[in-house]
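Presented below is the structure to which this report refers.
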Amino acid sequence: MSSAHPRKVKLLYFAWVREKIGRASEEVALPDNVATVADLVTWLKTRGPEFGEAFARADVVRAAVDKTHVKSDARIAEAQEIAFFPPVTGG
Amino acid sequence: MSSAHPRKVKLLYFAWVREKIGRASEEVALPDNVATVADLVTWLKTRGPEFGEAFARADVVRAAVDKTHVKSDARIAEAQEIAFFPPVTGG
Amino acid sequence: MGVKVQREDFDVASEVDALASGRTDIGAIVTFTGRVRDDDKGRPIKSMTLEHYPGMTEEELSRIEADANARWPLQASLIIHRTGELSPGDNIVLVVTASAHRQAALEAAGFLMDYLKTRAPFWKKETGPAGESSWVEARENDETAATRWRST
Amino acid sequence: MGVKVQREDFDVASEVDALASGRTDIGAIVTFTGRVRDDDKGRPIKSMTLEHYPGMTEEELSRIEADANARWPLQASLIIHRTGELSPGDNIVLVVTASAHRQAALEAAGFLMDYLKTRAPFWKKETGPAGESSWVEARENDETAATRWRST
């Protein structure tokens, strides 16, 4: 894939992940080497200490790709929207 | 125990046991040799064909002594009230 | 905690309000409502008549309810069972359980229904459209359902 | 079948009426109501705020509901979950299941709650009397409860 067409994706953060990162959503251009959700987390942590803090316990933070729960090895492919959040506590 | 003081007990019948016997309740004087619920059924069957029909499947008919479920080997002792009925079907 | 045997219908909402309204220690409320269906294994039902054993019914329901309260930490519980002639769509039975946590409330409601079906002295007679009637037979399933609580 | 995510309170009785009124094929109706308690493991709670993921919440609840309907023969089902700030005693969630038989209705209600607790994207934040707040941690129990449906 050529970096002349960077993939744009909407990121959403919820609950304490949102609070630690300091925003609820943002749009980012994904580097070519970001193929999976785990790759995305690794890249996000390079963007600032707030991401380091939010993903300090990366195994605790859950992800959804296009509104579907996924594991960290899920491929991002042509996803429009990726969300990060703590384990859910509704009900 | 002397038969000069026959034990009086109230018998109650429910659902199809009541219908087969043709009455809902009666008071009877128990013979001395009636010690358990099974003895009572055996004696009742000598009282008429309606009892034979009601207790034809004796293992199906359930009993309660003084408003508590019992098995057929339960002793009657000083019971006031003995009920016979099919398996319950409420709820 | 309470047990009622009555001919009249019940109102689930007001029963729940009566036992939970204003309370802030209840995290979960479960209601189970049993109703008359218009058919029983393909046989159409015009009406259902519930006979019971007055006196024993109330005692047995109280024992069943006490049993549930001994097994689960319930903040409140209620059993209402109707008697007499009912039509399809009518309410038959209401069980309400309230607890701090959902599992206790759900399990206790299941337990109450299983025990009610196998121990409470009620008998159902169904009447079909041509007026023919027959006593409902106890379901093997109900006995099996009740036995699952014995080992717990 | 239906799913609602809303700030407003719900009325259990009118929700049940809407899905069961006039129907004579329903033998069992189960409602589960989850409410805000005034304490969480001994810590007093003044209010609770429910955050959620708009869009995904509705999709996930619909998936959970479809799952329950695939596993049990349900005549009707409903999930309502509230969001925003709530006080002790307030309703949080309502699950209703209706079936011909009691076991399907009871099991499906338990299943819906277990899955809702582990899959629906809601997060609770509790605020204490001095204004201090903290996010509720997921309970290990809830994960365990949800796994019991996987082998069935």
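By written order: A, B, C and D. Residues from 1 in each chain.
Here, a residue touches a chain if its C-beta (ideal position, glycine included) is under 8 Å from a C-beta of that chain, and two chains touch if they have at least 3 such contacts.
Since we're looking at a predicted model, the values are computed, not measured.
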Item to check | Common touching chains of chain C and chain A | outcome: D
Checklist entry - To get from chain B to chain C along touching chains, fewest steps? => result 1
Checklist entry - Using the average of all C-alpha atoms in each chain as its centre, how far is it in Å between chain A and chain B? => result 74
Checklist outcome for this item: Rounded to the nearest Å, the gap between Cα centres of chain B and chain D is 49
Checklist entry - How many angstrom between the C-alpha centroids of chain D and chain A? => result 27
Checklist outcome for this item: Distance between the CA centroids of chain C and chain D (whole Å) is 23
Checklist entry - For chain A, which residues are shared contacts with two or more other chains? => result 91
Checklist outcome for this item: Touching at least 2 other chains, the residues of chain D are 34, 102, 113, 117
Next on the checklist: List the residues on chain D that touch chain A in their complex, please.
Outcome noted: 34, 50-53, 55-56, 59-60, 81, 92-93, 113, 116-125, 135-138, 142
Checklist entry - For chain C, which residues count as touching chain D in their complex? => result 11-13, 16, 20, 22-39, 88-89, 100, 102-103, 105-106, 109-110, 113, 117, 141, 145
Next on the checklist: For the complex, give me every residue of chain A touching chain D.
Outcome noted: 12, 14-16, 64, 67-69, 83, 85-91
